[in-house]
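Paired with chain B in one complex and with chain C in the other, chain A is shared by the two complexes that follow.
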Partner chain A sequence: MTAVLTPATATGGPETPGRRPGEKKRKRLLALAHSAPLLPAVLLLAVFLFGPVISSLYGSLTNASITGATAANAEFVGLKNYFDLFGDPDFPKSVLLTIVFLVASAIIGQNGVGLGLAVLMQSANKVVRTLVSTIVVTAWVLPEIVASFAAYAFFHDGGTLNEMLGVFGVEGPNWLYTFPMFAVILANVWRGTAFSMLVYTAALNDVPPEIREAAEVDGAKGWQRFAFITVPMIRRSISTNLMLTTLQTLSVFALIFVMTGGGPGTDSTTLPLLAYQEAFKFGELGFGTAIATILLVVGALFSIAYIRALRPEVD
Partner chain B sequence: MTAPISMASPNRRAMKALSNGVLVVIGIVFLLPLVWLVLASVDSSATLSVKWPETFTLGNFTAILTPERSLIPLLNSTMLSGGCAILTVVASLLAAYPLSRYKMRVNKPFLYGVLFGTCLPITAMMVPVYSLFVAFNLIDSVGGTILFLAATSLPMAIWMMKNFMDSVPVSLEEAAWTDGASAMTTLRTIVVPLMRPGIGVVFIFVFIQTWGNFFIPFVLLLSPDKQPAAVSIFSFFGQYGAVAYGQLAAFSLLYAVPVLALYVLVTRLGGGSFALAGAVKG
Partner chain C sequence: MKRYIGITAAVAATALVLSGCSGGDSGGDSNTIKVAYSKFGNFTQMDDHMKAVKEQFEAEHEGMTVELVPIEALEADYFTKLALMNQSAATAPDVMYEDTFKVKSDAEAGYIIPLDDYIADWEDWEQFPENAREAGAGDDGKIYGIPMGTDTRAIWYNKQLLADAGVTVPWEPESWADIIDAAEAVKAQNPDTIPFNIYSGKGQSEGASMQGFQMLLSGTGDTLYNSDEKKWVTGSQGFVDSLQFITDIYQGDLGPTPQQALDKNVGTTINSEWIPQGKLAMSLDGSWVSGTWLDTGTTPWPEWNDVMGVAAMPTQDGGGAGRTSMSGGWTLAMGAKTENPDAAWDFIATALDKDNSLSYDVAASQIAVRTDVGTSPEYVESNPTFEFFSSLVADTHFRPATSDYAKISNEITVAMEAVMTGQQTPEEAAKAYDEAITGIVGEDNTTETSD
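Now for the complex of A and B:
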């Protein structure tokens, strides 16, 4: 689309830049022509991603609903939704459940198991390594909903987990009902660990073996080499991976929706489920938008931290 | 010189055996939920627990292979994912070109903005997006859903595409530029052919993500004849009182196999299984 304008500009031409009077204007035109191919992407992002973010901020200040009188013309209600939110006992509980879910499944579970797998694989046999990583990655590549069914079947009353406990003479509880958070946390670890495993495997492969060997010759034990040499060398991967797994886990919906539906009661209703229920099940669009906005703000804070951490690489 | 190595080697062997043992145990734990899917799909009396089928049957598969139950949903999934992947590849390819080839003042803020976009929790966006779709009268519109899906996959795609394009040397294009070729011509005739594997990786990556996406079509597409497999499979689980687990497992496999195959393809195409995860790091 910029076919007419771009060709000569790319080479720069023989003229000396910045001397002629029309140069500044010409440069600006050039930049405009050069950036024209960005247009389709910019339009899509602006309308369908950043537009809703902005409208979310506004929508959370209205009493919009899906049906009824306030559906068509919502009124501006200021911070009422937020005050209601903080007064509603479901909200703090949901925040707490979300934090538990993030810390246990993303920060401890996925990162811990992922790093552990990556470390073990370094000293394992090739066949074992290939087989185990294929299994772990399969759980990750599976469509979300299929993984959720598999996890549902695993934790269900008469499911595989209890069947196996039965072999040892233990009668397992109905995990989805008695310990819903425990079940969804383990399911999220099962599903998401592959990502951390891949990140850490790549990071460990970048650690030069000479350094480890030198430490070994100097008499450092296995765990010392790991704690004082490997971990400091992959710390960048650790921090970015912590951030990314936390963000991914923050938006987990289908897994919990399928396994427990947020229940029993609200015992596994994390913020995405609460926003969904308020907005679509109870039709309180404004209220749901307020929850969504809080989630977006949390996501944005993580994003900023992530971008700051990555900065030297981007520049 | 030989002393420390020979001293370390029995130690190392023990370490290796321990690693193998622990990995095998973790592997089995990770495998169990997957085994259920496979065994239940060929079991005529499947339940929720892993068991060896008394009679193997393909009955579950034949039962679900009807137009309404699997063919139409799978076709819808193909349309949504294919449409979204094509749109994303074209838009990200165009966007990546100036970002990769010219030093412009918009580059950095744009890339930061896009990176910021990759981090937004899409689940949180569904409420405002729903309102937007109501306002534009796009609810239950396949085209509208494709546009939104493309917008959500664009940030990552732009980063991946730019990285792939950066590895194509500019020197190849300079000759064409001096001959008077336009930027779009060199993109089409020089850059695109050279980065074909990279484009393939982005296409498949977006396709896999969209294929597996449940929440977006679940909220935006209401008529059953427009819903993709991700959504139709859920209604078939949620609405019937007694769930036919064998059929559910059979459908899950039918729906999951294409993306597993594509994933294998993408690992062959570009830089191993890490291509997908690596892209996330920018």
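Now for the complex of A and C:
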């Protein structure tokens, strides 16, 4: 953060001697008075957002459970849940599946397809644009549980996909059973692409056509214009969108729960499903909360990575 | 800022869910009692029963209101929902439908309270035999739940399909081999029929662990838990043999396909479609199954008694008692946060008086626990299978209701799923199970001796 602040302070520097001594203080007070109406909002935010976060963090340090003696009198156990978690054979697999799901469905799938669609639609005519965006956005406006059952019906053994394949004489496998991760990844791409597409369409519309035309005059080919002009200009949207889709995808639960229930075996048990299983199926609330905390850390790490990698050069 | 909002919102949502939205003190007025129970799939009889009792109770208690809270969830989710409701006074029920094997841990959690003071003045209690009373007892010996009925498990079979395959009917298998032989005969005669179903795999959770696996294991010389030493059994031959049976059925094409069997809703499909439509020849299932086919059930099937027969589950090689079963059963219990315990008790006593017990046990095909109900001609004549299933009580087994049980039961279904899909041999799956439960309970709490 210092790197960003230094130039600002430097430019602000020469002006300071010109000001009257009391003005700075007065301005600060004024700013404070202006933000006073925000106080209730900040308080609400603190109570309803940070309160639960802290209580959840605390919960992960206890042996709280759903039933039995530890439901009535949970004890502080320190980092025991975390040590147990790292010793749990299901945990590494679950982390791996979560990352596979995240990279394939959010980073490559939703962002890649969303950007691709947005670019293609720029040069498409109005009819095609309306048609495509309607179809894509439909999946997005469906409530998660409805989309989940729709995806289940599509990939299920006797589902739409296999019936369609049957028309061509291909006997499809039971996707949810044989390729569970593949099915849930496709379903999540289907469901979430519209969001990325909308973000990128808006971003692309903000790229001034003159710059692209200038590059064209300079002899840049299509892909060069895209890679060296368009992408750098929309990098802030890319970073924001990557972050939002990552966080959304990390917390996907209903989709996988409805489609495969985390199975067969643990072959599609991502961290949210593992947390659910531990907290509610086995009743170990403290342990389940520890998994949720790990999920939070994974999300935070990805977010930091995006901000670092795609930090805008100028503010 | 968006980043923080995103993260905090995600965490807040998780935390809210995990903390069960605890807090809030609006316990409701004490003129209302809240009754929580399960209503899912084919099981609608409890809902009917509670509606009827509510009407009767409200007529007898002027000014009182009964609020029914039917929970529509799979069995495992029912326990969770109920536990979360119990954590807050605002949602805790006054009366709840409580599984006998959850009584001890829920009593320990302080969700339910002892009923001994009320029972002392309740003349109906004499009708409950000693072992039925035990079903609702906590670790402290106090009575927390009044049993509504119990259940046993056996093989339901389609007489015609077996007879067609050359199997003598009535069928009385004497060993596991007899079951496999009958299944193979059905397969040979009629390849489109599914010969035998035994619940298996993670999706069926307790259905697979108790009704499938433990029905097998209890017929070997081995046990899951050594109750004398209070240790979990590892490395037993019975465990491997039971998994071998699952392998023989699923890998030998004698059961549903693994894909069909792993569908979470297969239980409903079996009893409302496959059996009435003659697609399944034999099904290892509970005494309550015929409740689905009665007029009060979800799939009335007037001919069921002519078509279906019942056979006791044999032990592995006919040894021991020669037959085996597993039992559970449910109770009504009083919530610890109730503001009007007297009214809650009156509701329980009304719901389980002789007439109401009788109508519920008949409608839901429960094995009666009240002596006066069990011996009443109306009960015995109402369902031709009651006598048979009641007779299995003598050779039945119960699950170890320890606090680790849920996790260990899950490991059993993992092992079953691994062998039914052919991913592991029975020996490999049993070894993985041994390692998993050693990890759960610790080396000191395992033993190689069954009791």
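Here, the second predicted complex is superposed on the first by the 250 of 315 C-alpha atoms of A that agree within 3 Å, B and C clash if a C-alpha of one lies under 4 Å from a C-alpha of the other, contacts with A are read in each partner's own complex, and residues count from 1 in each chain.
We adopt the following convention: a contact is a pair of C-beta atoms (placed from the backbone, for glycine too) under 8 Å apart; a residue touches a chain by one contact, two chains touch by 3 or more.
Note that the coordinates shown come from a computational prediction; the quantities given were computed from them, not determined experimentally.
Trainee: Please indicate which partner A:138 is in contact with in the superposed arrangement: first for chain B, second for chain C, both, or neither.
Mentor: After superposition on chain A, A:138 lies in contact with chain B alone.
Trainee: State whether A:226 touches chain B only (first), chain C only (second), both chains, or neither.
Mentor: Touch status of A:226: no partner.
Trainee: Mind working out whether A:281 is in touch with chain B, chain C, both or neither, as first, second, both or neither?
Mentor: Touch partner of A:281: chain C, not chain B.
Trainee: Quick one: is A:250 in contact with chain B, with chain C, with both, or with neither? Answer first, second, both or neither.
Mentor: In the superposed model, A:250 contacts both chain B and chain C.
Trainee: Looking at A:179, would you say it contacts chain B, chain C, both, or neither? Reply first, second, both or neither.
Mentor: neither
Trainee: More residues of chain A are touched by which partner: chain B or chain C?
Mentor: The partner making contact with more of chain A's residues is B.
Trainee: In the superposed arrangement, which partner chain does A:44 touch: chain B (first), chain C (second), both, or neither?
Mentor: First partner only, chain B.
Trainee: With both complexes superposed on chain A, which partner does A:264 reach: first (chain B), second (chain C), both or neither?
Mentor: second
Trainee: With both complexes superposed on chain A, which partner does A:240 reach: first (chain B), second (chain C), both or neither?
Mentor: In the superposition, A:240 contacts both chain B and chain C.
Trainee: Which chain A residues come up in both lists, the one for chain B and the one for chain C?
Mentor: Chain A residues touching both partners: 48-50, 52-53, 55-56, 59, 157, 240, 244, 247, 250-251, 275, 279-280, 285, 288-289, 292, 295-296, 299-300, 303, 307.
Trainee: State the interface residues of chain B toward chain A in the complex, per the touch definition above.
Mentor: 4, 8, 12, 15-16, 19-20, 22-24, 26-27, 30-34, 36-37, 40, 47-51, 87, 90-92, 94-95, 97-99, 101-102, 104-106, 108, 110-132, 147-148, 150-152, 154-155, 158, 173-174, 177-178, 180-185, 208, 211-215, 219, 230, 233-234, 237, 245, 248-249, 252, 255-256, 259-260, 263, 273-274, 276-278, 280-282
Trainee: Using the touch rule from the top, collect the residues of chain A that touch chain C in their complex.
Mentor: Residues in contact with chain C: 48-50, 52-53, 55-56, 59, 65-69, 71-72, 87-89, 157, 174, 177, 240, 243-244, 247, 250-251, 261-266, 275, 279-283, 285, 288-289, 292, 295-296, 299-300, 303, 307.
Trainee: Help me check something: in the complex, which residues belonging to chain C touch chain A?
Mentor: Where chain C meets chain A, its residues are 2-3, 6-16, 18-19, 76-77, 79-80, 83-84, 87, 102, 105-106, 108-111, 201-203, 205, 258-259, 262, 264, 403, 406-407, 410, 414, 417-418, 421, 423, 436, 439.
Trainee: Would you tell me which residues of chain A are touching chain B in their complex?
Mentor: 1-4, 6-8, 10-11, 31, 34-42, 44-45, 47-53, 55-56, 59, 64, 113, 117, 120-125, 128-129, 131-133, 135-139, 141-147, 149-154, 156-160, 162-164, 190, 193, 195, 198-199, 201-202, 216-217, 222, 240, 244, 247, 250-254, 258, 271-272, 275-276, 279-280, 285, 288-289, 291-293, 295-296, 298-300, 302-304, 306-307, 310, 313-315
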